[in-house]
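Before any comments, here is the structure.
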Amino acid sequence: MAKYMRLIVVLVVISIFSGAVLAQTYKITYPNIKQNALKKQEEAIMKVIPGAAKYKDISKDNLKVFKGLDENGNFKGIAFIAEGGGFGGSIKLMVGLNPEEEVLTGMTVLSHLETPGLGARIEEDWFKEQFKGKSIHDKFVAKQDIDAITGATISSNAVGSIIKNTIEKVYQVYGGEF
Amino acid sequence: MKTVTFKGGVHPPHVKHATEHKKIERAQLPPKVYIPLQQHIGAPCKPVVGVGDEVKTGQKIGEAESFVSAPVHASVSGKVVSIETLPHPVGANVLTVVIESDGKDELSEDIKPGGDLESLTPEDIKKIIREAGIVGMGGAAFPTQVKLSPPPDKKIDTIIINGAECEPYLTADHRVMLEHSEDILFGLKAIMKAVGVEKGYVGIENNKPDAIKKMQELVKDENNIEVVALHTKYPQGGEKQLIYAITGREVPSGGLPMEVGVIVQNVGTTAMIAKAIKTGMPLIERVLTVTGSAIAEPKNLLVRIGTPFREVIQQCGGFKQTPGKVIMGGPMMGLAQASIDVPVVKGTSGILVLSKDEAKQYQERPCIKCARCVDACPVYLLPTRLSHFAQHGMWDEAEDYNALDCIECGSCSFVCPSKIPLVQRIRLAKSQILDRRKKK
Amino acid sequence: MDNNVFLISVISMGGIGAFFGIVLAYASKKFAIKVDPRIEQINEALPGANCGACGYPGCSGFAEAIVEGEAPVDGCPVGGREVAEKIAGIMGVEASATQERSVARLYCQGDCEVAVDRALYDGVQDCRAAQAVNGGPKACKYGCLGFGTCAEVCPFDAITMDENHLPHVDIEKCTGCGKCVQACPRNLFELVGVSKEVHVGCKSQERGKDVMKVCKAGCIGCRKCVKACPFDAMKFKNNLAKIDYEKCTSCMVCVEVCPTNATYSDFDKRKKAVITDECIGCTLCKKVCPVEAITGEVKVKHQVDPEKCIGCSLCFEKCPKDAIKMIREE
Amino acid sequence: MEKEKLLITSSPHIKDDDTVEKIMYGVIIALIPASVMGVYYFGLHALLLIIASIAAAVVTEAVFQKFRNYPVTITDGSAVITGLLLALNLPPGLPVWMAIVGSVFAIALGKQVFGGLGHNPFNPALIGRAFLVASFPVHMTTWISPVDGTTTATPLGLMKLQGVSTDYMSLFLGKIGGCIGETSALAILIGAAYLLYKGYIDWRIPLSYLGTVAVLTTVFGQDPIFHLFAGGLMLGAFFMATDMVTSPITKKGRWIFGIGAGILVVVIRLWGGYPEGVSYSILLMNGVTPLINRYTRPRVFGEVKNNG
Amino acid sequence: MKLFLIFMGAVVVNNFVLSRFLGICPFLGVSKKIETAFSMGIAVTFVMTLSAMASWLIQNYILIPFGLERFLQIVSFILVIASLVQFVEMVIQKTSPALYQALGIYLPLITTNCAILGLALLIALKEYSLIESLAFGFGAGAGFTLAITMMAGIREELQFGDVPKPLEGAAIALIIAGLMSMAFMGFSGLIAM
Amino acid sequence: MTLLKDLTRGLWRENPIFRLLIGMCPTLAVTNAAINGLAMGLATSFVLICSSIIISLIKNFIPSKVRIPCFIIVIATFVTIADLVLAAFFPDIHAVLGLFVPLIVVNCVILGRAEAFASKNPVHRSIFDALGMSIGFTWALLLISIVREILGMGSVFGINILGKAFTPFLIMVLPPGAFLAMGVLLGIMNTIQDKLATR
């Protein structure tokens, strides 16, 4: 019996020890990790809402939506995270929108799994820039409404339809009131 | 003509034109005969004559002591000059009785007609067959009387006479069917009586229409004997393929024909049985085809057992081209000979001599998995697989892939575009598998 | 972030650890299964060639058989003494005095230079396969076919084919597993004690003149070796010389007289007797020497004439004082 | 006249006169119509690609064999087929050096590393193509119109991305965008007829392959005739799926191979990321061919008692 | 339908071995014979399905409720998997010697197979439900089985081939894996997950 | 002397990747760019060295039945530390290495060395062994990733070196390229080894 006790005790001790060490490490690194994530998000929001300096999280119903405000707290537009399937996997975008003019104010790619050198070129500026100023009523079809990346029509289309779908959802949930 | 056949197989060129219309000729008596004491599957015979003894044609010189064996007889009259181990066309050296002919060809007194078929009992018939030393003349040389004595639990209902002669070049069976058709019918009846069977077939490939016609005419009054035309395809004469073609029965893997109630005999064997019953003559001579591009005058010859190949070839005008390969039997299953100083034995259905140009040595190429061999195999094996296994010493795998079912017909090697010696490898695998079984 | 997280982590990790600790402890008790650890140990000690020479299916089969007491600890001919001792150690028994190691020896000297072909051969380059084609291309029905099947089957790469297609056994590498013995279609290998140095390299039972027709290196039945052998070790049967290894002392006299080199040995391995100072001059050695290579007076140290000595070891065995050493010339 | 030694061999002593070379050259002959049509439609650059690809394949094979001290067997024609088929599977406007790279890869890593002819698990030409597609996706999906030489889309591309169909006559004659050798169904069928007549290919694979595609596209509400004649299906079914080295040796296996490849083509064409799926369908089935062979061993004669 | 897509996605589109590079060691090591490869595949599938469940439970009932998922995930998952495999091994060994013969020898190998841990982490990352996790785990195992059995089939065939000496063994296996991976690219874009 | 041997073993003779063929998954997965290869190598090295030390220290207290779980916990702890540290201070690299940092836990190199060496040898030797293995692992990873990056992107560490004229072989940074590059490199290493052995 003692044999088995020892077995259990050793395992427990090591587990506890490990738990303790990790908790401590986490404590030390947590602020940084959290900050990194927030910083990334903030940067993206600032990028897609021109003139914004601060933002407010107004997410609801599984939609991540942010309100962009300038220094003085004036409303500059909204940003939302749009996600959907691309060629190689899920594509995650941050999209800026001006609800008054009903046009996009910018778009940036948060993460994707497209092919390097091909679908991955959705990260290139020329591609992202073309969404700026597009009406939300646009169809976003590659080669017609937007310029496609050579050899990556699917990714190009995917970005378009992800944006299109998410705009619809956002309007459904918020009804145009932000 | 409605024909039946089996699945798989190949179509080698027939090359029978040289001899198919030539009547069987009786060969001259050889000055010396070399009679091996083993010309059959089974135990060798014991010599019953000594050096210096005078023997007469048809006299028994080797006695079969065990059940699966067959006696041998002197094929000429004369003096026994030696008994020694000498080369045999099948490979190993075998104890051989050498008889110097006195040229008189005196018949032994033992030779008496067996009597009327009606009055003979099945036992009598089998005894005559055994005493006459008759063995299968279709190739395997299995003692015929043994084949005709199945164990009581195996009910035989059909006898098939194998007149397929699917081997290219050979025409001996063809000629026997044309010239000794009555003997074949008589022999078939004798066999049917010996085994107690009601149904008999004669299977003939449709490239011998004259033989089919002749046999059909002969049996038109026999209601229990049928002549069946077979599709001309190699190996139509293989016993299992023949049984399948005629009766639709499949001999079980690893089993004997008697397990589906059939016995197959070659036409030559059948004719020989008739002769033994009618005249009492033992098996001391046989018909064989001497042919091939290097033979000056191809012929169908009736030759005494023990005549050296050299002698036979000389009677056919000798060589007209440098011989490259001498084959006992046909080109598909025959045995290549290292010299022509070997005797004709009971299983010699032909002597085929290919010229030097025809005796090709093939460059083996890698298998391209074209599966022609698979499509050709009449036993539905995967020859390319088996050959690979053999090449890598994977005997267990070869056994698992049914190497032992291979009938060594050579269809696979024939069609292989990469010229891979498939059958030879499979044979090696078979012998290794059997060796290993024996050890266990 | 507060201390709460710290506590929770420690507790939950401890909990998970404890849970699985208990489960494993319980399982290892409840589902304990006894596997004899010795099987594993023996398996490790074995050479792992899985050659089957022990008679069991592979090394692990043999290991199991040893533990079950079915197989002897020295049953692996490949591993030899060293492995036998290791296994004996694991099993806690003494390795019985292992016999002298056996190695494969070839009984044919007919390479393609001296042994003629009677026909051309084409086909599978394997001795067994060639043998099945009308007995193979060699004129001699007994001799080596030279396709190297033995070399192919040897699991230890101990056999190499020379440029004239005759196999050579590297007796250092040969473990006596007997694979070649089984594989050779002409039965040209026998397992012989490694110390035996003289061999008859022919298996032909033909008469001398027939042998001469087909091979320049065959035994032609002249019986010179029988006459020359000082120890009556050379026998004659079926037109063929045959060594009685019980009697043979590897003196190599027979090899010297053989007109066709059908008997062979490695003269580099020939030993010479050397008498040391222990010699008391008893003359026993002098009497026993078959070639009169020893000289010396009674009670005086004897001398060996190295020219005459044939290394038969008779004197060595006879010497009451162990004053004779058999030394291999370098 | 019998001084010389006789030859002894195992039976049989005669062999069919078809050889590997004959079969390979037969396939090359059968590919001539498709090649001619390709050059006719797409011009000299297509010819250049064909020549470069064949030359690269042959040279790579020779170099590899020399390097290994093996007999050089480039005359057997198999490397020529690989090079030719690869070229016929390339877009007509591809830079020549890319064709050479593909061809070198096809022979070196698709064939010779496995021991050369007969040992490669995957179809080398298709390996070369898949390699090029993965390496240079843009170049490999840029098509030229045989009508005016401008860039265009293939019928399948048009179908997939824009839902536009192409008329049957163009598909049959080949006046459409596509790989050099795949556009003209007519030319391919002429070659295929020759191969079938010669017995160099087994009808089971093309039949089951094309049949499956026809049935499945019909089931999913597509135009089966369009799908049979569009893209590389004809070329693949008659010339590439039938490569004996990489397809099953059993008859049952060949049915499975064809059906499996057919299913894969339809799945990729209808739902996949690429408009075309022939090369991948064949490559994937090549990959399972050893398993198919293994589990479709025919019943040996007499194995199951079948006593009529 | 979603379950089916998750399953097929794991089997072919994002095959664990050929496009996610998980479980390469056993894929190279145990793919010399079809039978053993297949058994290994079955064993992996079994363990994967099981640990998909176990890790989902841990994730959703311990780690997330207590806010530990960021730093105790790895330790707890691996502890669970290692213990689970060892437990399963002991149970099988005792209860079904035949099954143990077939699978047992592979089980210890699986403990240190990154495909299993990768699976657990992916499930946590993708926030699958329990049923989806099971479909994903089972699909990943099936995909592994498919890949390793194909590989074994090809390698068995290679015994008869003549691979250059330096490439024998793992090198040629890697090249085959590369070619297989190329063939599997045909599925890319099939189900965008 | 023994220490030197312990150190050099991993460099070539028992190089974990090219000779022992363990830890293949991260090797193949993250070597599409030199920087990733290097980062992975260093992260693995950190875990390998730390866990070797601890395991070598505690080896005598661990009952054999729970040896593997205990070792794995130790390893997993260090991996998590590495993961957290990377996430906190090198977020870019952390994003790229992604799933494979946690998978260092099951990297066969680490458990393999723990079992084969650290659990049997004193601390100082274990450190040297781990160091050698780490260097061996890292240089191998670096080599593969450089080859793949050059061919697949025309650059090394993100710096374009082959110029605009070069059309990159995209396949080299895709999954098949990983297998093919590794296979061919392994073949080359085997050739070198054969040459060395015959000399």
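Things worth noting here:
Letters A, B, C, D, E and F mark the chains as written, and numbering starts fresh at 1 in each.
Definition applied: contacts are C-beta pairs under 8 Å (C-beta built on N, C-alpha and C of every residue); 3 or more make two chains touch, one makes a residue touch a chain.
Everything quoted here is computed from the prediction, not taken from an experiment.
When the partners of subunit D are compared with those of subunit E, the chains appearing in both lists are A, B, C, F.
Under the contact definition stated at the top, the chains bordering both subunit E and subunit F are A, C, D.
Which two chains touch most often is answered by the contact tally, and the pair is B-D.
Look at the CA centroids: the one farthest from the centroid of subunit B belongs to A. Farthest chain from subunit D (centres taken as the mean of C-alpha atoms): C. A straight line joining the Cα centres of subunit C and subunit D is 55 Å long. One inter-chain figure worth recording: subunit C and subunit F are separated by 47 Å, centre to centre, where each centre is the mean of the chain's CA atoms. Each chain gets one centre point, the mean of its Cα atoms, and the points for subunit B and subunit E are 60 Å apart.
The residues of subunit E that reach two or more other chains are 70-72, 75, 79, 83, 86, 160, 164, 167, 172, 175, 178-179, 182, 185, 188-189, 191, listed in rising order. Touching two or more other chains at once are residues 7, 10-11, 14-15, 18-19, 22-23, 25-26, 30, 33, 87, 115, 118, 154 of subunit A.
For subunit D, residues that reach two or more other chains under the stated contact definition are 6-10, 109, 115-116, 119, 131, 134, 137, 273.
Pairwise chain contacts in this structure: A-C, A-D, A-E, A-F, B-C, B-D, B-E, C-D, C-E, C-F, D-E, D-F, E-F.
Of all residues in subunit D, only 98, 109, 131, 134-137, 139 touch subunit F in the complex they form. Looking at the complex, you find that subunit A touches subunit E at residues 15, 18-19, 22-23, 25-26, 30, 33, 84-90, 154, 158. On the side of subunit F, the complex with subunit C involves touching residues 65-66, 69, 73.
Interface of subunit A with subunit F (complex): residues 3, 6-7, 10-11, 14-15, 18, 21-22, 25-26, 29-30, 32-33, 36, 40, 111, 115-118.
The touching residues of subunit C, when paired with subunit E in their complex, are 5, 8-9, 12-13, 16-17, 20, 23-24, 27-28, 30-31, 33.
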